[in-house]
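Shared chain: chain A. Partners: chain B in the first complex, chain C in the second.
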Partner chain A sequence: MEGFLPLIWVIFWYALSTPFIIYGVWKLKKVMSEHPESKPMLAVAGAFAFVLSSLKIPSVTGSSSHPTGTGFGAIMFGPAITSVMSAIVLLYQALLLAHGGITTLGANIFSMGIVGPFVAYFVYNALRSIAGFNIAVFTAATLGDLATYVTTSFQLALAFPAPVGGVMRSFIGFSGIFALTQVPLAIIEGLVTMLLFKYLLELKPDVFRIFHIEDKATSTEP
Partner chain B sequence: MISSTIDTIAHTNRLRHVDTRLKIIFALATLIITVASTSPIPPFLAFITATGLILFAAKIPFRTYFLLLLTPLFFGLVSLLLMSLFFGYSQSPLYSFEIISHTFVIQEEGANMGLLVASRTIAASACLFFLALTTPMTELFSGLKWLRIPDVVIELAMIIYRYIFVFIEEAQLMLLASRMRGEGDFRAKIEVFSMLASTLFLRSIYQGDKLFIAMNSRCYEGETNSLCYQEKSSRIGIRPLFSILIFEFAFAYVTIMTQNMTLI
Partner chain C sequence: MSELRRLTLIVVILIAIIGFLTAFVPHMIGIMPQWGGADAAAVTKIGEISGYKPWFSPLWQPPSGEIETFLFSVQAAIGAAIIGYIAGLYTGRKEAKRGQP
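And now, the complex of A and B:
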């Protein structure tokens, strides 16, 4: 929520997110100039993340629970480009839907655009050859979503440590409240992302060629 | 859909033709000072100013603004309640009450912190609404360019913006169609939703491909030049800029003077 974080944390999270975003912009520039035909895909993934993350349930602690839609982007385009995409989506959330805000943008980019996609990406790559494509996608999207909320709870706890027990006490409180709504949502997001990949691979495998997903998927598919 | 409401208002309000850069400077500076304040008084002033501009200068209907404000109001009140109950030391109880043999104590520090956070949230949201309600997205793109955001990001942002509406339109049609065929249990719902999402994806990509071909045939080379109300090279009006700066300095001064004040 806009204005929830004190100035010092606003600056801190912006500063921490900036290097990732700069790297993401560099990567994006490369992909968009080498494969201009990937632009519609990037944009649809962004719009998808926007629509998914606008389905929100207010949570009582200055933030809200919603699917993030970033697992898809992370697996498809890699985490760096997804960070830039999330930054754009979060800005639209603030300006078009009045969710989130400008001052909390840095913190939100860090949790939803950096930690979530990076976790999803690494989980996907670790599990792909062991557990198969579908399970890897499901686990990656679910854990990526959960990682986002663990980070958000931590950010809130750092900004508002409990007078008795400090940051850890606050963290347990904030994440406990989030867990109620977020665990089921994360599992649903995992399922939806998995099925989305499944149908997309069946119906239009050539879309994936640009990002080299196809060979990975088909080679591990039984 | 609330996004289309904000979008429509942004195109039709009375402040639409004010220089985007001025609106951005005002909104950002007020936001930063509000977030930096350590007493609830500056946020209150920021809220009054932003609300005044929204309702009387931009002539945005009260109902729309009030509905938007409900979210930060709700958040603010809940934070106030939770913080006054759980933040603070036991030496300074303001008030205590019992619910089912459990004593709840409202602490002074907690109540002050809750008031501060609630007022900041509501005031900062009002500043954000000012920008969102008075400035169409296309104008904001030129604002982003002025803020030196890289062209690739702006380009992607523009295409995503276009796609959000393609997506919503297609989704409404398809959801309606699937509802007419009846709804199943939870499992079926998830499956239907993913099928919808993937078909939606494909349809949007086809649309996008077409858009891309159309743009290419019109000499599109990765940069979208559109006409903005303000020309890129034009100077910011000195007088409005000056009055905004005077306001922000006065506001910052008030913030510094009131930094140790508390309401309770």
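And now, the complex of A and C:
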């Protein structure tokens, strides 16, 4: 989508995303110095986004898209740190794959690195006390993925309002392309994120405890 | 069966069902699936709305579809290697702590 966003929107989304990245880098440094034992898990969170956003998966709408992989990082380390990870993934894809782009980077960081992780983070925290751990993680990662593509649709609708019906009309059109295609992918992302959490929790519950993530169902070490 | 194994099995089955539906649902609702990228569909849509032409092109593009696929695979491989290494490291430490081989 390189060059498809008018310059004014390029500047707008860059301006909106930059503060989050700066705060995210600061937060990342803070976590690494306060809890150096969490570094491998930070690597896992970034790597998970790397893997999932590289998988172009066919969907029921007859087109293909890819998940975001930001749910794990967002639930574990919060949205700000996840923004930085997303920026790295998006930069790789923009420079080496001509997927996304430098002009659309700000907008993509906003949808994948900010809105998605924020949704995942809040959904997890809202559901954690009323639903089980598995349901909370699954729902959070699924809705975070979906929110990313709803945001993309909205960003395109703002830049390209329909001559008749305006932004809302365009939003429905772009949602039909992005959000609808994303539904089965988001469910897959939710399922895989839940599994990753369960496996790592079983292996290394102490690192998760630092970030207040516990699954009562997981048996603790004797 | 442990909870983790049962959960893994459920996830695998659910993903298989989604894969099955993906293969058959489009034909059933009358779509001829092309499995093209959603981005390309959005570009077409932008053209329908406004006839907008991009004002900036990628600095570098993979010279062919094969090379693009290769670079996507490298991305997945880097991520998978890191996750596998760390999961293995933790498994090893956990076993060492237990005193099991």
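By our rule, the second predicted complex is superposed on the first by the 197 of 222 C-alpha atoms of A that agree within 3 Å, B and C clash if a C-alpha of one lies under 4 Å from a C-alpha of the other, contacts with A are read in each partner's own complex, and residues count from 1 in each chain.
FYI, contacts are C-beta pairs under 8 Å (C-beta built on N, C-alpha and C of every residue); 3 or more make two chains touch, one makes a residue touch a chain.
Bear in mind the structure is a predicted one, so any value in this text is a computation, not a measurement.
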| item | value |
| --- | --- |
| Chain C versus chain B on the shared chain A, clash or fit after superposition | clash |
| First (chain B), second (chain C), both or neither touched by A:92 | both |
| Contacts of A:102 with chain B and chain C, given as first, second, both or neither | both |
| Partner chain in contact with A:44 - chain B first, chain C second, else both or neither | both |
| Which superposed partner A:184 touches (first chain B, second chain C, both, neither) | second |
| First, second, both or neither for A:114, with chain B first and chain C second | neither |
| Which of chain B and chain C A:134 touches, first, second, both or neither | second |
| Chain B versus chain C as contact partner of A:76, first or second or both or neither | neither |
| Chain B versus chain C as contact partner of A:29, first or second or both or neither | first |
| Which superposed partner A:156 touches (first chain B, second chain C, both, neither) | second |
| Stretch of chain B, among 63-71, 99-107, 225-233 or 243-251, that runs into chain C once the two complexes are superposed | 63-71 |
| Contact residues common to both interfaces of chain A (with chain B and with chain C) | 1-4, 6-7, 40-41, 43-44, 46-48, 50-51, 54, 58, 60-62, 92, 94-99, 101-103, 160, 162-163, 173, 188, 191-192, 194-196, 198-200, 203-204 |
| Contacting residues of chain A [partner chain C, same complex] | 1-4, 6-7, 40-41, 43-44, 46-56, 58-65, 92-99, 101-103, 134, 156, 160-163, 170, 173-174, 177-178, 181-182, 184, 187-188, 191-192, 194-196, 198-200, 202-204, 217-218 |
| In the complex, chain B residues that touch chain A | 2-3, 6-7, 27-28, 31-32, 34-36, 43, 68, 71-72, 74-75, 78-79, 82-83, 86-89, 109, 113, 117, 120-125, 127-129, 131-132, 137, 140, 150, 152-153, 155-157, 159-164, 166-168, 171, 190-191, 193-195, 197-199, 201-202, 204-205, 207-209, 211-212, 222 |
| Chain A residues touching chain B - in the complex, by the definition given at the top | 1-7, 10, 25, 28-29, 32-33, 36-37, 39-44, 46-48, 50-51, 54, 58, 60-62, 84-85, 87-89, 91-92, 94-99, 101-103, 160, 162-164, 173, 188, 191-192, 194-196, 198-200, 203-204, 207 |
| Touch list for chain C against partner chain A, complex | 3-4, 7-8, 11, 14-15, 18, 21-22, 25-26, 31-43, 45-46, 49-50, 52, 54-62, 68, 71-73, 75-76, 78-83, 86-87, 89-91, 94 |
